[in-house]
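Okay, handing you the structure first.
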Amino acid sequence: MSLLSIRNLTKRFGGLTAVNKVSFDVEEGAIVGLIGPNGAGKTTVFNLITGNYRPDEGDILFAGTSIKALRTHKIVSMGIARTFQTIRLFQKVSVLENVLAGRHCRMKAGLVAGMLKTPFEKKEEREALRYCVEELEFVGLKGQESQVADSLSYGNQRLLEIARALASEPKLLILDEPAGGMNEQETEALVGLIGKLKGRGLTILLIEHDMSLVMRACEHLVVLEYGCKIAEGPPETVKNDPKVIEAYLGAD
Amino acid sequence: MGEGMILKIENLHVKYGQVEVLHGINLHVNKGEIVTILGANGAGKSTTLNAISGLVKVSSGAIYFEDQPISKVPAHRVVELGVAQAPEGRRVFGTLTVQENLNLGAFTNRDGDNIIQTLGWIYELFPVLLERKNQLAGTLSGGEQQMLAIGRALMANPKVLLLDEPSLGLAPILVKAIFKTLKEINEAGLTIVLVEQNARAALKLANRGYVFEVGKVALEGPSADLLEDPNVQNAYLGGNH
Amino acid sequence: MMNEKYKLFLYSAFALILATAPLYLNSYWVDVLNSVGLYAILALSLNIILGDAGLYNMGHAAFFAVGAYTAAYLNTQFGLPILWALPVSGIVAGIAGLLVARPVVHLRGDYLLIVTVGVGEILRIALINDVFGLTGGPNGIFGIDRPVLFGFKIRKPQEFFYLIWGFVAVTIFLFYRLKNSRFGRALDYLREDMTAAEGSGIDTGRYQLYAFMVGAAWAGMAGTLYASKMSIISPESFSFWESVLIFIIVILGGSGNIAGVLLGTFLIIGLPEAFRGFANARMWFFGLAMMLMMIFRTEGILPHRPRVFKSLDRQRP
Amino acid sequence: MEEFFQQLTNGLAVGGIYALIALGYTMVYGVLKLINFAHGDLFTLGAYLGLTLLTSLGLSGHLGTVLGLIVLAIMVTGFVGIAGALLERAAYRPLRDSHRLSAVVSALGASIFLQNTIMLIYGAKNYVYPLDILPRTTLHIFGLPVPLVRILILTASLLLMAGLYLFIQKTRLGTAIRAAAIDQGAAKLMGINVNQVIMIVFLVGPGLGGVAGLMVGLYYGQVNFTMGWVYGLKAFTAAILGGIGNIPGAMVGGLLLGVIEALGAAYISIAWKDAIAFCVLIVILIVRPTGILGERVADKI
Amino acid sequence: ADTIKIGLMAPLTGSWASEGEEMKNIVNLLADEINANGGLLGQQIEVIAEDDGGDPRTASLAAQRLATQEVIAVIGTYGSSVTEASQAIYDDFSILQVANGSTAIRLTEKGLKYFFRTSPRDDEQGRVAAQTIKGLGFGKVAILHDNTSYAKGLAEETKGLLEKTSNSIVFFDALTPGERDYTAILTKMKAANPDVVFFTGYYPELGLILRQKMEMAWNVPFIGGDATNNPDLVKIAGAKAAEGYYFLSPPVPQDLAFAKSKDFLKAYKAKYGSYPGSIWAVLSGDGFLTITEGVKAAKTTDPEKLAEFLHAGTQKVSGLTGKIAFNTKGDRVGEVYRVYRIDAEGKFILQDK
């Protein structure tokens, strides 16, 4: 059984069909790239997976269960975490607290425990802090815990988004243009990070226009155009698919 | 100001609150050139463009446009003088339609024929925008917004075009198309200042380049030289890829 | 850190000066402090909703009123001692908060603001019209008992001072802890970016309701204290202007910052008293002072600062 | 049935005034996202200034009623507009880059300040406009007695709304205002003089509020220094009801609020009429979270 | 002490500020007069005015503040619930309080020793109102109040009395004060077709109502309570619309035969340029005279003795609205209310009993 299975997914905005009967699978442990021209509906697919939009048709199965009607936070707690195309950090909040946001769904202390600082709450906080610090270290942001998120450089903000997503211990991580706004050196580091994530057993679905990253990081590609899937397969095959070249890559 | 120079920056300092982020930038652009500015995140590239446009306050130093000091000129006047910018983060008017956004780009452009002509040309360049003409800009996909931002800046019919990471979030085919178009409009006489992360493509396009490091110019020179420079190769061109 | 020590010293000195205030102030100034204390509770409770969760609530006096009327009713009709009424009215006001927030909490900024204004007004009109014969109409409810603590009847301003400020202290203690807990952080996230918060796994809808519930419950308890202190309550005391005043305190003091909100209360409740010398120009000076303070401290007197993690190095694995 | 139509015209008359004040409210809000709580007090200022000018200049005596009133209206609009622009300069501009609610608090301070300024200058008592400046003709429309002045007020509101709407939608300056409303920085990059735009908005918005104050004074006769608070809140409610920032919305919201109040008073209870109006508002907002003609939202994720 | 301090608690800011302003004017004028004539018991009087903002919380602070300034007595205030918020404080500090605009019955039913009022009570006015309505021969009555505790109290009192007789109440509701347009209410009231409307609210609203009633061409007579006794009423409504309006009120100083009232009016006009408008403000002057005459007669400033003296009710003080004496509860005794009617020129004409 695949970890994520998209079945006949359709989403319309008014007269526009942004996603049109798209189906594909993401196997456990795989790194899958979702590519396609601007406006092809990639981000919309992500928004459908994470419950930000509701599909008009089709279904989304995560580990066998349909998640298409669940609310976003529920989906996150089931094990899907994401980053956003335009960075959406909590700008005026410290870096570590940004990561703690991701940890939220794995914690239990409520209102009363928080007011009274019960031993359970204290222990849980301590562990959460430790876990989040580790995740920050993992993405390479050690020592910046107390900075305000918006004071980080653009590339680091992207990494922070990844750390926040990781803090929820997802099984599936979905990244929307993680290398957007990064220079080639930073992109290089990102490829390394994605490799390490795979090492941890995570499954990753990503959107990216930087083909150098896509080619190096992904094992499988799905190509959308005008909301429809036009190709799917291993990177080398897709790269040479004339339809993909015409719609997306352009001739050299 | 030297012969043929259209834009010149002398010893530019800029602060955000107490923190100085530009520590004396010197830079010039000749008429008809494409100049690219490279640099790591946070080096001050966008800040420099915003200083030229008058969006951030200059704390010391001077900026000249066509021999006229503009560091104290308010932003809207700078546009009237002929400097347009497609800013970082696109900043399209989300609750206005694509068409309205483009019209706003031509706010200072009083040449009616030019407006119609440019508009046609932009729709030709980015056919998606024509399809989405009456859609709210805020609901466009990331790349579509990027196209709109570039198109909008062109609508002003500027003498100098400032582009802040125009290729961000664009599909490869479009990046190629845009760079090709930039070349064309440059050849038609428009001067371009290009901030890019995609250093290789930018250097291939530009006549000259500047490399910023933490608020200072670290390197400058003709693009060809920079492409060859081992420091640049290591830091911005991703080594041997 | 030097700065931290200095801060601690400042706070303790302040607490000490305040705690001994009834010894050297006359009953008028003590009563002014009582007023400040009551509004401090109200403002701290609104701060949860407005400052922390970022929900524009300009009808907070409604929950204050629910608490006050609940306590007054239970006390005058059933003889429930006023301090026993304290938790009851907290619960009733909290439930009121939930009920009010439930259908409208998804509204954006100013739309929520006008709805809360509306709720406040609807309640006030209901009170004036003696809804279900419970509220005594424009006369309100009178003859409310003074609180009795361990057999001691509290009636003088000096005595109320310790009751009210004791409650303020408990509130600060609990809310401060809440701020740096999972709950408090959740409110920060949803204030900053609702979509990102939901996307990080936080049930934003639920926390918005919780914020309203906690804020309303505390305002309700403040209402009980108010009712027992005044011994008569009437709809005038819960007008739109009261909501506005509490709102101003939170924003001007520094929304999201407990010390700022306290300082704001001193200024907003204290200044009109300090300006009494100007006779009928006192509100003129007050308006002027408000504008000036806002212009010179645009983010509030003591703005919210992001949390600093000092002890991380010890925790690092 | 006759009573129903009578109440409807009563509601429209009141609503016309709400709409007129709401127009100014909405304009200012549209650009600065600022709930200008001082708007109601600028309205009061208009009423007082109108009275002072009317009695001290004797305009209608010199120029005849119609011309005199027009000149008076222009003068009031101008003066209150200038007061509004000064207010913006002093109390709002320094806060333009800070949190939205900071400016709201400054506006509340300005409201207290203005209200008490008027009280200190004129005293706390009620003032009365000279009677019978306006024609007291009552028309009979389909058998309903409708005072002519009400029709004039409603017409004036509608005309001003239409004019304002065309100005915002069709003119270059209007486009600039709309752009500045969305993103001031980006608007500057389009060559728009944002400070100037805001100043114009603060001339027009408060100016409209001032002229509404004048109308209320002329028609109802009685003014006092606290009247702006109630009217301001109603106008704000009306603007939200219609969808704040939206000019036809202010009109629709104002008229609707007036009608709801009148019908609520007529068929449910007078004492509860404001509560009824707020209930309707809440229900409408639950169904349409951005008001009846609410602004278009675009939050692309 | 070298001066005798008397407090005045009044709404100097907020929506009742116009009332407060006049109260302050009147009390200051009377105090100046006494001071110019050698003072009270050989001492000068110092009036300390505090703002109660017309709101209970501010009032309790104002009361605390006055209590700490060694006043022997306080005049005020306006609004029953506002007064009530201060009653206990003055009582605790043994300060004499003479309220001037607080008509709720319960205020004097608590048995407070130091509390008096120069304003009559709702029940008294209600009685006179019901009598008048009957006396004028009206059958179907509409009653309109404004949901302040004063107006509602009076409305309910009158309603109760009228219902006991042959009168029928065809309309009973409350307007919202501070608005400008009351046509919706008039339209609704007209549909109930009353013979008379009894209005218990305040003059600014009434002025507008009378005017709008005339524009509607509805000719029903109106009767009102003492809160409508203000010359501005005619200015707002216009003489034509106000003509024929009846109201109940303690006599205005103009109608009193005392030299004292006449002198007072002259002095007031000379100093402030017009006659005092509000009857409540005039009653604060009565409060002042109660205190000063009481001190004079009892030859002491001790509030306890003063209170005993006033409760005895033997000494009648000549006030601005007639003779003043109190019963043991602290209420003013005697018939105070008169009926007025507005004539074609807008003058208030005292009607024969």
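For clarity, chains are labelled A, B, C, D and E in written order, and residue numbers in each chain start from 1.
Definition applied: a contact is a pair of C-beta atoms (placed from the backbone, for glycine too) under 8 Å apart; a residue touches a chain by one contact, two chains touch by 3 or more.
Predicted, not measured: the structure shown is a model, and the values here were computed from it.
Listed by label, the chains that touch chain C and also chain E are D. The most distant chain from chain B, with centres taken as the mean of CA atoms, is E.
Ranked by separation of Cα centres from chain A, the top chain is E. By number of C-beta pairs in contact, A-C leads when A-C and A-D are compared.
Our note on geometry: chain A versus chain D, Cα centroid distance of 48 Å, whole angstroms.
Averaging Cα coordinates per chain places chain B and chain D 43 Å apart. Separating the centre of chain B from that of chain C, both taken as means of CA atoms, is a distance of 50 Å.
Centroids built from CA atoms put chain B at 30 Å from chain A. Looking at chain C, residues 128-129, 195, 280, 283 sit in touch with two or more other chains. Contact of a single residue of chain E with at least two other chains is seen at positions 13-14, 17, 20-21, 147, 174.
Shown for chain A are the residues in touch with two or more other chains, namely 43, 52, 84-86, 88. All chain pairs that touch, listed by label, are A-B, A-C, A-D, B-D, C-D, C-E, D-E.
Considering their complex, residues 43, 47, 52, 84-86, 88 of chain A touch chain D.
Residue ranges on chain C touching chain D, taken from their complex, read 56, 103-104, 106-111, 113-115, 117-119, 121-122, 125-126, 128-129, 195, 240, 244, 247-248, 251-252, 255, 280-281, 283-284, 286-291, 294-295, 298-300. For chain D in complex with chain A, the touching residues are 300-301.
Residue ranges on chain A touching chain C, taken from their complex, read 50, 52, 71-74, 76-77, 81-82, 84, 88-94, 96-97, 100-102, 104-105, 107, 109-111, 113-117, 121, 124-126, 128-130, 133-134, 145-146, 148, 164-165, 168.
Those residues of chain E that touch chain C in the shared complex are 12-14, 17, 20-21, 49-51, 54-58, 60-61, 64-65, 67-68, 79-82, 84-85, 88, 92, 104, 106, 147-149, 152-153, 174.
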